[in-house]
Amino acid sequence: MSDVSRTADAIDDVRGRIRRAVETVRDTTPMAQSFTNFVTINLVANAQLAAGGTAAMSFLPDDVIDTAAMSGADYVNVGTLLPFYKDALPKIARAFRKSGHKWVLDPVAAGIGATRTEILRAFRAAPPTVVRGNASEIIALASMWGLFSPDAATRPAGVESVDEVDSSVGPAKLLARFLAASAPQGEAAVAVSGAVDLVTDGHAVYRLPGGSAMMSKITGAGCSLGGVTATYLAVADPLTAALAATALYNRAGEAAEAVSHGPGSFQVAFLDALWNTTADEVAASEILID
Amino acid sequence: MSDVSRTADAIDDVRGRIRRAVETVRDTTPMAQSFTNFVTINLVANAQLAAGGTAAMSFLPDDVIDTAAMSGADYVNVGTLLPFYKDALPKIARAFRKSGHKWVLDPVAAGIGATRTEILRAFRAAPPTVVRGNASEIIALASMWGLFSPDAATRPAGVESVDEVDSSVGPAKLLARFLAASAPQGEAAVAVSGAVDLVTDGHAVYRLPGGSAMMSKITGAGCSLGGVTATYLAVADPLTAALAATALYNRAGEAAEAVSHGPGSFQVAFLDALWNTTADEVAASEILID
Amino acid sequence: MSDVSRTADAIDDVRGRIRRAVETVRDTTPMAQSFTNFVTINLVANAQLAAGGTAAMSFLPDDVIDTAAMSGADYVNVGTLLPFYKDALPKIARAFRKSGHKWVLDPVAAGIGATRTEILRAFRAAPPTVVRGNASEIIALASMWGLFSPDAATRPAGVESVDEVDSSVGPAKLLARFLAASAPQGEAAVAVSGAVDLVTDGHAVYRLPGGSAMMSKITGAGCSLGGVTATYLAVADPLTAALAATALYNRAGEAAEAVSHGPGSFQVAFLDALWNTTADEVAASEILID
């Protein structure tokens, strides 16, 4: 069997799993709970609903842990921190680890602020199932956890990365392997958002082109992608969840750009497109394997 | 006078009071203050403005109590709790009771989380004027306050309720009577949201059909209905406020569904419809009395 | 040179500076950080993005101070206070003063609540570069800081002000002069929102007519105007920033009113118009100098 046909088979398998994840969410309306920032909390919930799931948002450990028992997966975003999060978030992560509960971490602004750094460091001992962020955040988190030293990069020093996402391939793979080794199910994924999105389970690296430049002109495209990844994680393995959410977002972004006249109408059309994009359209997305 | 004509007279009277509440809000732009969750706080404010009122949101007891002196009624929603709410919310409820200030409670997620349970239990000693929730929340609150024992339900054990709302009729009436007995004005109401909404003052039970299934595909339809109920409560008695808000929501939901293409455009059209639905249209809503 | 032509020259100069501010923001996407209320935090961020900037929102002092080092200006809004703000906000203001960081204060609800009063009083020792509010808030802040005594008003007692904004001319000028005296750059501005908006640097008083009555039917028109003022302040002097933001808002409000059918579609069209209004259109706004 040639490498080309093996890759074709692998992509067909991936497409099948993406289609089933999108359909299963719409058929079963799974609940994914979020502990997320105040800026985009409304969009996270509305995007999860538009993708077919249900949403619950909580901040108190007793509330989060009670609700997690009813939710298929959780989403944690470290934007807009409050003082009590320093104790609450590590406590919540430990509870998730103890119960084997799956969760998605969005390490927003990793590297900025002593409190955020303390919280993100604490998650190393009770890690998430999926991490979603931009290239800088993924590199910062992998570095913070000692998985990657910026000095010991696989790329030769002095060579500029083609783009930000490319510069995170190594750290993203190392991060995904670390998460998988800690995961009760032995599976994990890392998703890096950028001009061409990247998803890896620590071994294969998938690239998903497309989307819309307008997604950076509304607040919360990244956060709500993390939330929808948790919605899919409630019904699918981590790699499939990250791929399905990323592909849905790219298709919905393109559909919204085609009918909108600025960032206001783009957000409205984007939520409509999350609702209307079919599982077949998501599964037919261009997917490149490195 | 026959039962049928007596019922017809009662409904005519109710319609007149609903029409006046809708008109009075639009003529006088009353202020209703909210202590509500972070997910839907923006929609609560925008819905109150779209219905014709004005909005103010606060969390610190000194701020809430100062602002309540200028507001016609308050709305309290126990979603997304923070640690200081455990002391702040009972303190605020006691201040409202002392000054005879009217307020609407939305017991979101009643029964989940030790802190929420502690807060909701504390409200028994300083109860709201109106409670609005889904059937499970109304049953949980009535049970938590010892007004209703799930074992002593009026329906025979083993008989499934026709729908969730039906299962809450008994608890909702008991709750409304308890609230009325504590209310300075001796009047109270409970509103249960569902496929067919239910409103009771503890004696008569009103059912309001209609609305749109899309209302469960945006976050905050229930919360913002609670907020708009507080807006009407600023100018009307509790029963009228609950009926007017529920009827307005059903008409606006239908209007929005007719012109929208998904949850994004539905929310936009829904806010437009709250603004454009006439007092006559709200008052002409189908209302069934048990 | 006649007074008329001198005024014409002054206005031409102002128009040139407004045009450059609008263009520079679109060309350089400056970051402005916000510490703002939970009701309209999403709209503040989306308005800053639609005007061409980027947004970051933070509440913990260590996070705010770290992020301020990367942001061109900050926006602080004292709505929806939490307990820890009482210490955090004065600490943040002192850090801004120490580093000479420019910021916009929105004294929402000035005069209501003991905690808010304590925070606003503390800002006197570490004042902002721009204050934006409605007439009552400007008068309350100037009075709180001892710059203006309501009893010693320049207008004779018993004479009702023509409109709210007019009643704030004196306090607004005194406030702007106080801010300028404290500013590292020696420049400051005060913007008063109303039917006809007023902007002053403590000497000249500019009046900007226009906008839409629908802006008071969505929540956050004022807050997001404050946020966009911070976006312009990142690239321009305080007076130009306040004029550019106010003029953009008036033009966008008019454009949105022309194509919308209620507050839901108004907000969507307003964000689109912030994105689509040209620098020339903003600069061509009617501007009256007292």
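Each chain carries a letter (A, B and C) given by its place in the written order, and its residues are counted from 1.
Throughout what follows, contacts are C-beta pairs under 8 Å (C-beta built on N, C-alpha and C of every residue); 3 or more make two chains touch, one makes a residue touch a chain.
Since the structure is predicted, the reported quantities are computational estimates derived from the model, not experimental observations.
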Once you've mapped the touching chain pairs, tell me: line, ring, star, complete or other?
-> complete
Over half shared or under half: which fits the residue numbers at the contact of copies chain B and chain C, same or different?
-> different
If you average the Cα atoms of chain B and of chain C to get two centres, how far apart are those centres in Å?
-> 36
Do you know which chain B residues sit against two or more other chains?
-> 38, 42, 82, 267-268
For the complex, which residues does chain A have touching chain B?
-> 38, 41-42, 45-46, 49-50, 55-60, 62-63, 66-67, 82, 84, 267-276
Residues on chain B engaged by chain A in the complex (per definition of touch) = 37-40, 42-43, 79-83, 109, 112-116, 216-220, 260-265, 267-268
